[in-house]
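Below, each structure is written out as structure tokens.
After this come two complexes, each holding chain A, first together with chain B and then together with chain C.
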Partner chain A sequence: MIEVIKPGLETSVQDYPGRLGYWNQGFPPSGPMDSWSFRLANLLVGNDVGAAGLECQYIGPTLKFNEATVIAVTGADMQAKIDGELVPLWESIAVAAGQVLEMSFAKVGVRGYIAIAGGIATEPWLNSRSTFHKAGVGGMEGHAIKAEQVIPVAAPTTTAVAGRKVIEAARPVFSVDKSWQVEVCRGPNDDWIDEAGHQRFINAEWKLSSKSDRTGFRLEGPEWTFTDKAHNKGPEHGSDPSNIIDQGYPIGAINLGGQTPIILMNDGPSMGGFINPYTVPSIAFWKLGQAKPAEILHFMVISVAEAQAIRQQINELCSEKSIVESR
Partner chain B sequence: MAENVELQTSGNMWKVLVEVGQKVSQGDELFIMEVMKMEIPHAAPCDGTVTEVNVNDGDEGLDAGMVAVVIDG
Partner chain C sequence: MIYEEPKFLPGGDRYILIEFGNEMNLELNFLGQGLAAAITEHRTRGVIETAACFASTLIHYDPDVIGYEPLVAELKELIKSLGPSDDIELNSRLFYFPTVYLDPWSRECVDDYIANLNPDKIEDAQLVAELNGLDDVNHLVRVHSGTEYWVASLGFWPGLPFMMPLDPRCVLTAPKYNPPRTWTPKGTVGMGGASTCIYPEHLPGGYQIFGRVPMPIWDTEKRFPQFENEICLFQPGDRVKFVPCSVEEFEHIERQVADGSYQYNVVEYQRFSVRNYNQWLTTIDKAPRF
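So, the complex of A and B:
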């Protein structure tokens, strides 16, 4: 069991791939925003890649371990210390009963992940332990962890070993120049944007707003322009060019409300009445999860087949092949 | 003794509540950052006089760890 001393900014229990299969009823998958770093953390401690762990955002938590265990910290560098001593990222670490893991602000990236041998054992809801804050379900009482809560951990099924490391080549590389290349696929409503609008979208520097969270990432950039389809349509679609008769949204949709694009993320809505000219494939979610407010996103169009090929590559990196034993 | 108040998170500055020369008490709010649609207040760690303010309302893309305010206590 783990005692929460300080919760951090908004630290939550997540599992991978999250709560799949309920999108048609309005429940998003939730799950870690940087599932690449998350899965590697689980592998280090001998868990299944999807086992429930903690997602730490911007400011990490302080946690006391009541039993000896093995943990791993990956993703953003939140200056993790055990009993005051800095500990390495991307490596499994032995923790003695009573030791304290203290994390502070993220220096590189913004989301850090903590995996614990055995995985977090909160009660699943609709087959997942992922926290979905908006509905207050999953995780610890449906919300971010709070001081004085005790987080249950399952007994490991295999013996976890300290000193296992993720090889350099298998780790996601975070931007250090405040700019990110983010893959997008066209559609589903790309035919509502005119050619000039598409060119502007691809060539622009899009600034990530601080009004962005696990539901949506708001972008600031140039104006959008539309095809006739957006201007000459039935009244049931709504009056703004970006309005469309209510439709289902893909996860990762770049949802255009008026002139403001919002990327719908892990906790996003499943439907609504705005167009989605582009969709960010799941392979690029980790980049969004690690980008800071005011950083710049450049979008690069790829095909669905290319996105699927990259997804396969990342899945292969998130496997035992990427782990070495250092002692 | 001068106390540096550092940004606890990367993000944008929503509101700066103090100016140079102002007397503050421990726990007074100095400035509020915004990230993930949340307000992150930063409080004075001690009583004293504000001698430096290095942030402005609306500053964007600030890095965690930056010295935002200095208090001479």
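So, the complex of A and C:
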């Protein structure tokens, strides 16, 4: 059991890959935005990579552990301390009964992850423990954790060991110059944008808006221009060039509403009536999860096959091969 | 038009959008629903889930199991094996939904949008009436409530139905909001493009809004028997008939919903035949409005 002393800004229970199988009813997967850091945290404490843990955003929580356990903190550097002493990231840590983990604001990155040996054992909802805040389901009573709540933890099936480390080469490298190279694939609706529009999209510095959350990341940048297809179409598409007959949305789609692109994130909508000229593949989600508002995103087009190959590489990195015992 | 061959469009490393055409007609929705059902039945390898919409079906697949090209090849085979949509017959429930048209709540929401986000916005009911050549907003109510709606798909929000009018004399079109609205009252009825929706919750939105229903269309607490096995009220292939009612009736039902005594007005004995429907379409004059 973990007692919440301070909840942090928006700390939520998530599991990986989240709530799959309900997209046709409109339920998003949710789950950790930076699943790379999340999976590594679980590996460190001996859990399956997908076990439920905590995602912390901007400001981490203060938690009291009622039983001795092993935890790991990965992702954004939120200056995690145990009983006042800084503890290393990317390493499993022994915690004695009664000890307090205290995290503060993220110095590098945005989202920190806490894995606990055994994994969090809240009641699954539609087969997942991931929190979907907007609908108030999953996780701790459907929302971010609150002070005085007690988070249940499952008994570990293997003995968790402290001092296990993620090798340097297997960790995601966060930007320190406020700009990110984000992979995108063209489609599904790339033929609605004209060549000049595509060029502008690729060359532009896109600013991540502060009006961004787990539903969508709003981007600020240049105008979009469209092909004939967007201008000359049946009225059932809607009147704006970016309107299309309502269609299913991929998670990661760069969804263009009027002139405002919004990247659909883990809690995003399953369908709607705007075009998706590009899609951010799963391999770049960790970057989005760690980018701060006002930081700059540069988009780099890769093929679907390239994205799938990189996904394999990241999967490989999120395995026991990346872990060393340091003591 | 309905494409001769469906288009396969990639969406990153995990999705394929299959477009059957570029218009709203039931035929396309049947093809989309048919493919989704066939994928479930055949347990197509690597497919995690599907989401059929008006003219397309989105496939979410696991690239760790199957690559883009091999999956496209398999799906093409599967589509070939499906019969003509005319053969499709579906169980189709019909829900009667008391609805306050031109209601004070959506009006308040529209006024708030005009005041804070877009002073040039024409009030929704008036805009839709004008763009469709109707006499006035009362004519809009008559036309919009003059048909059964076909639940083509669910999405955008859990349980939110995207619906199409079954009667061609009631087909209306409406532009979507730009920029989108930041809030919409729970239960609001709206239109965008040629589709009608009901907002299951207090939500942002982009449809033109001009009505409201008092009963929940999704329920995580399972307070009504309709939600016993489902969180969402609707399934694709259901039909909805909006029945204009007064604010007083709305509030009466709202009280019944609150105390748990509300009975959904639904009939479950009908089957929908695409062939019969298409035949009926050939017998009516589609031009006049109600």
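Just so it is clear, the second predicted complex is superposed on the first by the 327 of 327 C-alpha atoms of A that agree within 3 Å, B and C clash if a C-alpha of one lies under 4 Å from a C-alpha of the other, contacts with A are read in each partner's own complex, and residues count from 1 in each chain.
FYI, contacts are C-beta pairs under 8 Å (C-beta built on N, C-alpha and C of every residue); 3 or more make two chains touch, one makes a residue touch a chain.
Small disclaimer: the values here were computed from a predicted structure and weren't measured.
Three-chain overlay on chain A, with chain B and chain C fitting side by side and no clash. Once chain A of one complex is fitted onto chain A of the other, the partner contacts of A:Pro269 are limited to chain C, with no touch recorded for chain B. Which of chain B and chain C touches more residues of chain A: that partner is C. In the superposed pair of complexes, A:Pro152 makes contact with neither chain B nor chain C.
In the superposition on chain A, A:Ala307 makes contact with chain C only, while chain B stays out of contact range.
When both complexes are overlaid on chain A, the residue A:Gly252 reaches chain C alone and has no touch with chain B. With both structures placed on the common chain, the touch criterion links A:Ile59 to chain B but leaves chain C unconnected.
Of the two partner chains placed by superposition, only chain B is touched by A:Leu9; chain C is not.
Touch criterion met: A:Ala294 reaches chain B, while chain C stays clear of it. By the touch criterion defined above, A:Gly221 lies against neither chain B nor chain C after alignment on the C-alpha atoms of chain A.
Of the two partner chains, chain B is the only one touched by A:Lys211; chain C is not.
The superposed three-chain arrangement places the nearest Cα atoms of chain B and chain C 12 Å from each other. The contact sets of chain A with chain B and with chain C never meet. The touching residues of chain C, counted against chain A in their complex, run 9-15, 17, 19, 22-24, 36, 48-58, 60, 63-64, 67-68, 153-160, 162, 173-176, 178-180, 192-195, 201, 206, 220, 231-232, 236.
Chain A makes touch with chain C in their complex at residues 20-27, 126, 135-137, 184-189, 233-240, 243, 245-253, 257-258, 260, 269-273, 276, 279-283, 304-305, 307-308, 311-312, 315. Touching chain B in their complex are the following residues of chain A: 9-10, 57-59, 104-107, 110, 178, 207, 210-214, 292-295.
Residue ranges on chain B touching chain A, taken from their complex, read 7-12, 34-38, 40, 60-61, 64-65.
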